[in-house]
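Next come two complexes built around subunit A: one with subunit B, the other with subunit C.
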Partner chain A sequence: MAFKRTPQVFNCSMNEVTFGTGAKAVTIGGENVYPLYTFDGPIKNKVAIGVEITDDGFDASVPGIAEFYAGCDSIGAIAKRASEMPGADFVVLTLEGADPNGKNKSVDECAAIAKEVADAIDCPLAVQGCKNIEKDTELFSKVSEVCAGKNILIVSARQEDYKTIAASAVMAYGQKMSAESAVDINLAKQLNVLISQMGIAPENCVQNVGSAAAGYGFEYVASTLDRVVGAALTQNDGMLQMPIVTPVGGESWVVKESTASEADVPEWGNREERGIEMEVSTAAACIIGGSNAVFMRHPEAVKTISNLVNALM
Partner chain B sequence: MFYTVIFRVEDGGDIKYHAQPGENILEIAQKAGVNIDVPCGGNGTCGKCKMRIMSGSVNYNKDNSKLSDEDYDDNWRLACQATVEGDVMLWVPAAASDYISGIVTASLRTPEELKRYNAMVDELFTHDLKRGVEEKGYGIAIDIGTTTNAVTILDLETGTIVSRGTVGNGQIRYGADVINRIIQQGRPGGRERLQHAVLEETLIPLIQKELEAANIDPMTVTRMVIAGNTTMEHLLVKANGDSIRLMPFEPEFLDHEPMKASELRFPVNPDAKVILAPNVGSYVGGDITAGVLSALLWDREEMSLFIDLGTNGELVFGNKDYMLTCACSAGPAFEGGDISCGMRASRGAIDSCVIHKQTLMPLVTTISKGRPAGMCGSGLIDVIAELYKVGAIDAKGKFIREDKRIRDDGYGDKEYVLFYADESATGRDIFISESDIDNFIRAKGAIFSATRTMLKSVDMNVQDIDKIIIAGGIGSGIDMENAMLIGMLPKADLSKYSYIGNSALTGACAMLISDDATEKVFDIAHNMTYIELSTEPGYMDEFSAACFIPHTDSKLFE
Partner chain C sequence: MARFITIGERIHCISPTIKKAMEEMNPEPILKRAKEQIACGATYLDVNIGPAEKNGEELMKWAVQLIQSECNNIPLCLDTSNLKAIEAGISVYNRTNGKPIVNSADAADRLNRIDVAAANDAICIALCAQQGIPSNNDERMEYCQIMLEKGMELGMDPSDLWFDPLFLVIKGNQDKQMDVLDFIKQLSDMGFNSTGGLSNVSNMAPNELRPIMDSVTVAMAMYNGLTSAIVNPCDKRLMETIKTADIIKNEMMYADSYLEL
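Our next item is the complex of A and B:
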């Protein structure tokens, strides 16, 4: 008997979420087939790539990145350049300088930076916090306020601060939010339930179910992504159908493969190439698992992933 | 170099002890025989071993949020966190030793319990079992619980109860749960101390008292049946308990040969036969096998789920053809441990509660109608279910409503005040905090995930259960609907639920008056399949899914 292929198309789909405004607004999610399974059915929206900059600009220790941003004299100029990176769909601003245990920049200062970035670019903006719960809560409220009308994506609300972020970012200023949990499908779903119970509509929320650099416990990320997408599509679990965003740059550029100098480990070869490879392999693995958007840093890595997305979707 | 430590026990006089610098105050108190309830085993987390310095000083580790700054400034210290640094006199409040008296437990004491007991025994002997034993005279059935012990004296010929009594397990001061006890028995001299605590300090005085009260000659007591969990049975006979908690979780014994009363120093006829109900595994012991006998799972066509709620939750699922069993560590939350204002089910414990939707004003009942002193397990279930119903907490157990009764404790933890200091028996606010709710959610999560994991292992679902039988002392007042609402017990029609009280004691009584029943319990034990949850791969996943109100998969409770 001849083999008869049955396309695995599901009756339900991931939610669609749009952030940004105007012609360059980005829509992610909406697919009703497994990630990259274009042979089963068309994938509604391509994976989007965000280019990550920080409140301090960019990582000047990496030659390729430094070169790319050469001549940019303000955060606005850096953001503009980032938005023009080939393959980029949106810009991600990480306000790591707000960390009270680090530079402890004030909320107003950070909000001003976010405003400058939002005004400088014509593509959508996502804003990441400093991981300090109390500071982030304040920060996200203020950033949402100064960026009102820009439909930015706030990354991320956690179990401890989802209430304030949902109320200020989404309800008061009409932004989008991301729900972050630590690599556990149950925790992911629990947070999504709590956020929905606050009255946040599905089209306003994405999820970040956790990330890790390839080789650094990524099997947990892979299995969580698999199970989230599996439950969302095969069981029509509405509380897991939020599109998935995964920060990659922040994970892959801090591990030893990307940071060890050539003087320390000459046998590993060029540091920048290693970093790009880490970033590309991590991002690709996330996309295979079901991420609908990845945040990246290096122009070469962004180009590579963009090519991959265009070739496979 | 020795210093003098004096414990001035409220309603109890002074106890003096000589100790070396650096010795832990709690350990000294235990050695000196000062009864202190230590549900946390001396980890500084329960705050129940509070003592006040009257003179002298102790070396104290203040890194502990359980003791408020006010209490600290008022010279209160947690004994478990304090060590000797000089002569000291400490005042021990009566509340610290409350567990010794006044615990209300299912012990065949009330007419209602007695009626239930008689009905269960009568029912049992319609099931192909004959009454009657070789021995003549009187018999004693004992349920050794981790927290509470119950003793019943029966006339062997007629089967009538002539006397009964309960007492807190004297081993409590060595830790509230079995794990802490096993750790304690592993220390030098530990097995002797723990056996002494349960025999000389607990059972023997109670038996003497009950025999005297009933005016029975101890020599006429010729048969005893003891049902306890695996750890309790090991500690009773001084067997090494280490293997219970270590891989591969094989206890020293499952079935124990009958012993003579003299071997355990019981004050009865030295030749009296002492039967220990058989164990099934590390955490499913004789209390469960005896309980299953009385719950009649073994003689039914339909599938029953039997849950014994306690510090350890034990579950049995099956029918006359097969039975599965497993145990989960629910922790002391159901019995008031690890809960700021938790307490055992004794006088003043809030055992049921309704909260007003608008004002958040609580309406409660308390045990023995005392002024509210704290919350016991059934009260906690109600308080949490009510807080959830009125929208004061979210599904994670975090407060989401603003109200004058909901306040911040200053450490980022919010709490709901049920009673202010001037309304309570303790002179302190009675409240429930987010971390209390968290502890409780973990306890209920453990019970529910164990249920699901066990059912899954035979490819069944909660819908396949025909009958749900709840046993255990803390089950008495449980509002089943609230317990389902918060996802502790499986969603089912209320008519499927029944409560059978202290099934272990009932089973032990049946074994006392029937050789047939005794044989049956051994049969049941040998035919049960024991599932070790800690090695079951899906359990942790089920557990984190169950730590939510009611459950991450809310469809299970619709």
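Our next item is the complex of A and C:
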């Protein structure tokens, strides 16, 4: 008897979330088939790629990246260049300089930078904080205020600060938010429940369920992604149907494969190529797991992943 | 497998309030009970209009349209001995959130309810009984097979027959309870869906005992593979038991707030 293939199309789907405004606004999520399972049904929205910059410009520790941003003399110019990177769908500004244990830049200074970036680009903006809960809470409120009307994505709200971020970023200033948990499926769901119970509509929230560089505990990320997507689609779990965003660049460019110099480990070959491979492998693995958007740094890695997405979706 | 399906039983003409509302076609008491049950987590709502021999068709149409239009097209279980009324109800039924359920066929006089379900792409509750209560599980299985064959002949998907093992009142039938649970296991092992009037088990018991009797019965039945039940969703203990059993069976992802979902 001939093999009869039954497409695995679910009668529920991931939520759709749109950030940014105008022609270049990005919509992620909405799929009702497993990640990349285009043979089961069309994938509603392609995976989106965000290019990461920081309040200091770009990550100068990444080899080859300075050349890409050559000639940019302001944060606005850097943001614009990032937005023009082939394959880029949006820009991610990481306000790491706000960290009280680091440069401790003021909230106002960081907000001004965010405003300059938002004004310089015509694609959507996502803003990451400095990982210090108290500072981020203040920072996200102010950034949401100065970027009112831009429909930016605030990354991320955690268990400790989701209430303030939901109230300021989404309810007061109409931005989008991301809920962050660290490779813990039950906490991921719980945070989504709590945010929903505050009255945040599904179209206003995405989730970041954790990230790691390939080879660095990535199996936990992979199984978390699998279980989130599995419960969202097979069990129609509305509390896990938020589209998934995953920061990749920051994880990929700090592991030894990306940082060890060629002088120290000549047998590993060219450092820039290694780093690009780490970033590409990590991003591709996240997309296979179900990430709807990835944040990346190196132009070559962005181009490669963009080609992959265009070929497979 | 899937999450347990609860069919809310509180729109039933045995209740004087509902009986009166149906006689007068007064929407308020019916909608109030519909919304209460939905708020408590009912998946389906049973709409029992009684025998409704005179105006069954009109009444069922009215009830289906009323409840679905006011309650986001909640899926319904159409419950009456008046076959024409069930057909009329299905004719105006909105399937957005699930097929209609015909309540119910048996292996005797009501076997033709399966024809109605098959002709209308509906689910049919299939009571594993003929006249009265089956005396043992061999009888239950015989009746199950009769209805299964009937459904298959008519081209129904077996998953659209929800076999009812007939829950028995515990008080007076203690010796029969494990039989019913064993039969649920047999249905489950064969891959069939099942349902039943759970509240039967606590009939004639004091009100304060009913939630614990219903809850423990549903937990034991869910362990054996029961996929649905006709319940009072406003019974908090029962609904919490069902949610927790779903968590233990890995049909729903755990989160600290799972009881609130």
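Basically, the second predicted complex is superposed on the first by the 310 of 313 C-alpha atoms of A that agree within 3 Å, B and C clash if a C-alpha of one lies under 4 Å from a C-alpha of the other, contacts with A are read in each partner's own complex, and residues count from 1 in each chain.
Criterion: a contact is a pair of C-beta atoms (placed from the backbone, for glycine too) under 8 Å apart; a residue touches a chain by one contact, two chains touch by 3 or more.
Being a predicted model, the structure only gives us computed values, none of them experimental.
Participant: Identify whether subunit B and subunit C fit side by side or clash on subunit A in the overlaid structures.
Facilitator: Verdict on subunit A: clash between subunit B and subunit C.
Participant: A:Gln197 contacts which: subunit B (first), subunit C (second), both, neither?
Facilitator: In the superposition, A:Gln197 contacts both subunit B and subunit C.
Participant: Now for A:Ala212: first (subunit B), second (subunit C), both, or neither, which partner does it touch?
Facilitator: neither
Participant: Tell me the contact category for A:Val245 with respect to subunit B and subunit C: first, second, both or neither.
Facilitator: Neither subunit B nor subunit C is touched by A:Val245.
Participant: Is A:Gln159 touching the first partner subunit B, the second partner subunit C, both, or neither of them?
Facilitator: first
Participant: Per the overlay, which chain contacts more subunit A residues, subunit B or subunit C?
Facilitator: C
Participant: Touch test for A:Ile287: subunit B only (first), subunit C only (second), both, or neither?
Facilitator: Neither partner.
Participant: Return first, second, both or neither, reflecting whether A:Asn186 touches subunit B, subunit C, both chains, or no partner chain.
Facilitator: Both partners, subunit B and subunit C.
Participant: Tell me which region of subunit B runs into subunit C after superposition, given the options 488-496, 506-514 or 524-532.
Facilitator: Once both complexes are placed on chain A, subunit B clashes with subunit C in 488-496.
Participant: Share the list of subunit A residues that count as touching for subunit B in one structure and for subunit C in the other.
Facilitator: The answer is residues 185-187, 189-190, 193-194, 197 of subunit A.
Participant: Sort out for me which residues of subunit A touch subunit C in the complex.
Facilitator: 185-187, 189-190, 192-194, 197, 227, 231, 235, 237, 239-240
Participant: Write out the stretch or stretches of subunit C touching subunit A in their complex.
Facilitator: 2-3, 251-257, 260-261
Participant: For subunit A, which residues count as touching subunit B in their complex?
Facilitator: So the residues of subunit A touching subunit B come out as 159, 163, 184-187, 189-190, 193-194, 197.
Participant: Going by the contact rule at the top, pick out the subunit B residues touching subunit A in the complex.
Facilitator: Residues of subunit B touching subunit A: 394-396, 398, 400, 541, 544-545, 547-548, 552, 554.
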